[in-house]
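What follows is a pair of complexes built around chain A, which joins chain B in one and chain C in the other.
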Partner chain A sequence: MSSEKILIIGGGPAGLEAARSIADLGGDAVLVEKRERLGGTPDSEGYAKLTHHWLDASEVLGKLAAAVTSGKGVDVKTKSEVKKISGSAGSFKVEIDASGKAESLEVGAVVVATGFQHFDPGRATQYYNYYSFPDVITLTDLEKMLKENKVVRPSDGQTPKKIAFIQCVGSRDRQVGNEYCSKVCCGVASKQAVELREQISDSKVFIFYIDMRMYGYWEPQIYWQAQEKYNVNYVKGVISEVLQKGNQLLIRGEDTTMSRPMEVTMDLVVLSVGMEPSAGTRSVAQLLGVQQNKYGFIEAGGATGIDPVGTSQAGIFVAGAASGPSDLDDSFAQGGLAAARALASVRRVIA
Partner chain B sequence: MSSEKILIIGGGPAGLEAARSIADLGGDAVLVEKRERLGGTPDSEGYAKLTHHWLDASEVLGKLAAAVTSGKGVDVKTKSEVKKISGSAGSFKVEIDASGKAESLEVGAVVVATGFQHFDPGRATQYYNYYSFPDVITLTDLEKMLKENKVVRPSDGQTPKKIAFIQCVGSRDRQVGNEYCSKVCCGVASKQAVELREQISDSKVFIFYIDMRMYGYWEPQIYWQAQEKYNVNYVKGVISEVLQKGNQLLIRGEDTTMSRPMEVTMDLVVLSVGMEPSAGTRSVAQLLGVQQNKYGFIEAGGATGIDPVGTSQAGIFVAGAASGPSDLDDSFAQGGLAAARALASVRRVIA
Partner chain C sequence: MTTTIEEILERKSHAVMRDPKLAHTHDIHESLLELEAKGEIILQRVPEPYAEVMTKYGRTKKIPFEHTWHHKSCGQCGHIPGYTSSIFWLNRQFKFDYLDPTDQTSCTGWNYYASATSNKSAQATVMARNFATAYQAGYYPLIHCGTSFGHYKEMRELIVHHKEVRDDVRRILDKLGKPLVIPEEIVHYSEWVHVMRNRFAERKVLDLSSITATVHPACHYHKVVAEDAIYDPDIYGGQRMATVTATLKALGINVADYSTWFDCCGFGFRHILVERDFTRSFAVQRKIETMKKEVNSDLVVTHDTGCVTTLDKSQFSGRAHNYKVGIPVLSDAQVTALALGAHPFRVVQFHWHSTDWRPFLEKLGIDWQKYWDEFQGDLEAIRAGTKSGVTWADADQPVSYR
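Then we have the complex of A and B:
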């Protein structure tokens, strides 16, 4: 028995867009999301404004989630997980834990949109002392404070006046095993630097970077603004360690533009942590038997080698950060392409 | 009268993917392409290998074009141009010059995939002397020679041994009006540097850059390879002029990492020219009345502000480089999303 139903795993930007596109095209989708809420990482980690649109993350994701849950065509199962899958393109048998109840269903195609998780800066970059010093935080820790419009030093609740971002923490790093660039951290850090300058008007903000990867419109919309309007200081340099000095943090490294060693004190240090495959991406890839790359992301390319949403298995598609570092535009666009491919594949089998 | 037919303008990667997706979903598309051949810029400018897939460009685009022309659902009109369009979502009246014959048709939605053109380095960057010195060429000039496996100095037909790429020519440049980053030139130059090192084994290749924007997998797949396996020399520096010195080229600038002025001679200088809206993108935008941004690209975002393929007009969608700098993955993914949106929009109107 073949089925026209499409299983979407993951309710973040890519999964929601895939679901909406399938429903809009008259298809029949089941969306399985582990968390109680839809919205993916932007929701779970409390993103403030989106990079690069400067729109409110909750509002944008909320509207998309509402369109999916209120419309026809998508059966949304939150607090649910895929436990087992068998079969092949056109006819997969899926076993789901749906809020504690076992369910089974038949689907004709699968869209994997299980996303990423942030690199844990304690794991292999302990020279930054994330686990030892409370005022060493990550992009996601800062994002939550920016959303509340209440940025303070965790150690003493004071407003920080000198703040440094350290880029490429857990990215472009052979030692930790993540050789890829996480694509969005330059943009996100710069966006946060602007928000910091807006929220703490007498702050000084520094970004220590290898290359500022502000591609496309991020260049004028974020990078130039950050420098010219918000006086964010960009320093090409490598930070080798973060130490405590009194109640401040001492960062040590090399200013590569000035070709000299550098030691500066900061009130708050923000680690720009990169993307890694989420636990869900790893486990779903194994469950489905789709090929993963050496980093654990799902290998995209499909049969042609160039299909951004194709996987090693017919009838199984991938969208968004489950296949590697992606920005929001990538996730939406790939969600749409995966929807088109999945829907075409089930209709072809039926026809 | 409303129509389910969808007009796709442009037969490059984004337009072809949109056409294929619409056909795969049982839709009805007309693809209008100005040139005699499909394949867009990768075809017209004779791309050798694709960035970052390292696959043969003609082969990949050829297969995609064949799928579109040989399948059902897409009426392909080459050597054709849209001359006039009126109406609104669900019912547009289109007048076409189809290989010299006037035709008119009704469509329910439009996908604009009219792409980009390369920046003309003679226009405002004459300090590089593109029009004066034959051995100052562009990425696209070099690409054609790489495809033929015959890279020579245009001045004397000799094989160049010292080759320099100058990045960001016509990008990130307020003076020429292109403030944005063209996104792909770092990857393309690095890919070409690798190909040069493969084709001319005793060559030395230099890339002068501001930031190397090798996002995502381009970092390990191209950038690291170029440095470690192919010994491409990356120099963070700004080149201010290119002069003739005997039968060589003298490039002058500043090595910003070494903080010193720099004067080096080269056999061949390659200008990494960025993306600008194609003439077709500009004229089609005006014809359709969709909003363009200050650079002339079509403004994406749609009603929500975050739709990568939405325009200022209902029923009109944009995919690929017509809305700004895009890599091949972007073009394919956006082609699919635009197909899904366009098809949903015409079916909604009909239902």
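Then we have the complex of A and C:
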């Protein structure tokens, strides 16, 4: 029997936007989220300001979650996971573990919004010594400290004065198998560099990069500001290794502008870790039988090959970072589009 | 409530657990099984008994304990023969079945890495001929040399992924009357030492707790076809290869970290041939001096022919320029053999090493002069014609160092 209900898997930015859009369009959705809280990785990782117009992350996602939970049309199930799915477009049978209780659902379409996880810098880039040195941290580690307005060196609690960002850690890297650009790290690192300069006025901040990929309006909003107003130093060159030197970190690499090798000491090194498919994205893709690309993300394109939310299975749509690195604009836009496509597909079947 | 800093430090305290399902490289075992199913190759299985260990991306590798065909190293046999004899001596202590073949050829890997190779089919056939020889003898290849080990891993990729090379190799082997055999695992001797380490530790006769050692990981072991190297969450949190370091720790040696551990020893294949001064400078200034300055190491331990030779002999060259760092360099097999009571000269053969090893032996309380005199006695007997050479009958029995 056909159903107009739409299952949304994942309660991050894309899933929440899909849920809100379905409700706004008069549809009926059930949102299944593994975590206790809605908001996805930006919430669970404690993001501070978003590169998206420098808005407060918890405020933006809080408003979105509130719109979904307080309005009509969306049944939100947190601490829940999809366990089994069968059927086809228009009539899927779904079994859910809802907070330890088994439930069955009938839905007409599925939106997968299971997102990403940050690259673990210990997986292969052992020369950055993330697990060896306390003062080598990641963007997400720094984000939490920025949110608390208390950036210190984990080793001794001192305020760092010289801070380096290393770009493309786990992105654009054949050695670790992630050949793609993660899209957001240049913007996030530059945003954090500005915040560092605001919070520690006597700090010197360096960003070591392959090339800065400041999409769209990030160029004037973040990149130029970082350089012209906040004196953030951008150095074109790949860092080859991070070593301990006394109580500082020595970074070795190449300054390609000056065509020479360099060694510089820093108080804190921040690894700009890229995006990988979340464990949820990998397992849900397998469960649904949708095609994944070689990196484990869900292959988007649909029947036409250019549908950004279509998958290899009719009636199953994908939104946000589950299909590849996405910023918040992408995720919201895809969430809304997936909602429209899913709703149209079930209504077409019913009509 | 935990603070952000506590959270960060807690996360860093965990070992990296690798899931083979997430490995970004193809599992060569699957391709080998496919080729075997098509009848294209003979896949030689690792003989029992074997140990299973974890490699870089979480896959499992089988390491045989015995029935091994010892693929020796040109450089070890030529420059540091105590390296080879220590490996055999350790096998003999456990009465393991092994074969020291006389029909093995050089891998020609140095040529390959120094950009002086002939052609890919010839290069791959050298490996295939040695593997076929081991198979026909009924033993499993154990590769002594890091260069050969790295080179064979690359040649295996070449044969597996390129049908035209496979066909060429088969044609040449046909002329030699040999089948195309690829072992299920390409095993380096240091992996055998690694899986044997706890059994070795049970038999050690030396207290090594006063020794601080630094480990040089061989590039051809952990950088070339990197996924084939052994990793262990208990060794540097699974961030670095486990071989050598795990062995030394099992023997009770204090392993110290130093900042240039990831660097090449200086050998560099091409460099040692065409820029030897660079090799010597790199080995002494970048590696040995750093170890001495940062952790005052008593001993450098590594697991490859080129690395032992370069790190040791370069110190001799450095003396011409008043570099007097002087850290002896041994292989893991030699240190292990010494720990189990191998004769310092009949087996470990310190006299082939150019950096002064006497302070190291004295720190361990070993009266090296006594064993040197014994060895000199062997030589006198050989000169006098009463002895044909030093044999296992002279060397098998462990010494007590008392």
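Heads up, the rule we're going with is that the second predicted complex is superposed on the first by the 350 of 351 C-alpha atoms of A that agree within 3 Å, B and C clash if a C-alpha of one lies under 4 Å from a C-alpha of the other, contacts with A are read in each partner's own complex, and residues count from 1 in each chain.
By definition in this document, a residue touches a chain if its C-beta (ideal position, glycine included) is under 8 Å from a C-beta of that chain, and two chains touch if they have at least 3 such contacts.
What you see is a predicted model; the values in this text were computed from it and never measured.
Enquirer: Clash or fit: chain B and chain C on chain A?
Expert: fit
Enquirer: Does the superposition put A:Y180 against chain B (first), chain C (second), both, or neither?
Expert: Only chain B is touched by A:Y180; chain C is not.
Enquirer: Counting residues of chain A in contact, which comes out ahead: chain B or chain C?
Expert: B
Enquirer: Please indicate which partner A:I306 is in contact with in the superposed arrangement: first for chain B, second for chain C, both, or neither.
Expert: It touches chain B, and chain C stays clear.
Enquirer: Applying the touch criterion given at the start, work out whether A:L25 contacts chain B, chain C, both or neither, answering first, second, both or neither.
Expert: first
Enquirer: State whether A:I137 touches chain B only (first), chain C only (second), both chains, or neither.
Expert: In the superposition, A:I137 contacts chain C only.
Enquirer: Is A:M214 touching anything from chain B or chain C once the two structures are fitted on A? First, second, both or neither.
Expert: first
Enquirer: Tell me which partner A:F332 touches in the superposition: chain B (first), chain C (second), both or neither.
Expert: first
Enquirer: Contact-wise, after the overlay, does A:M258 reach chain B, chain C, both or neither (first, second, both, neither)?
Expert: A:M258: touches chain B, not chain C.
Enquirer: With both complexes overlaid on chain A, does A:F317 touch chain B (first), chain C (second), both or neither?
Expert: Neither: A:F317 stays clear of chain B and chain C.
Enquirer: Once both complexes sit on top of each other, what is the least C-alpha distance from chain B to chain C, rounded to whole angstrom?
Expert: 15
Enquirer: Under the contact rule defined above, give the chain A residues that sit at the interface with chain B and also at the interface with chain C.
Expert: Correct list for chain A: none, the interfaces share no residue.
Enquirer: Name, in rising order, each residue of chain B that touches chain A in their complex.
Expert: Chain B reaches chain A through residues 17, 21, 24-26, 50, 53, 55, 60, 63, 172, 179-183, 211-220, 224, 236, 256-259, 301, 304-309, 324-326, 328-330, 332-341, 343-344, 347-348.
Enquirer: Which chain C residues qualify as touching chain A in the complex?
Expert: Touching chain A: residues 4-5, 7-9, 12, 16, 18, 22, 24-25, 56, 236-240, 259, 262 of chain C.
Enquirer: Of all residues in chain A, which touch chain C in the complex?
Expert: So the residues of chain A in touch with chain C come to 120, 122-124, 126-127, 129-132, 134, 137, 141, 144-145, 148, 150, 152, 154, 157, 176-178, 241, 243-245, 250, 296.
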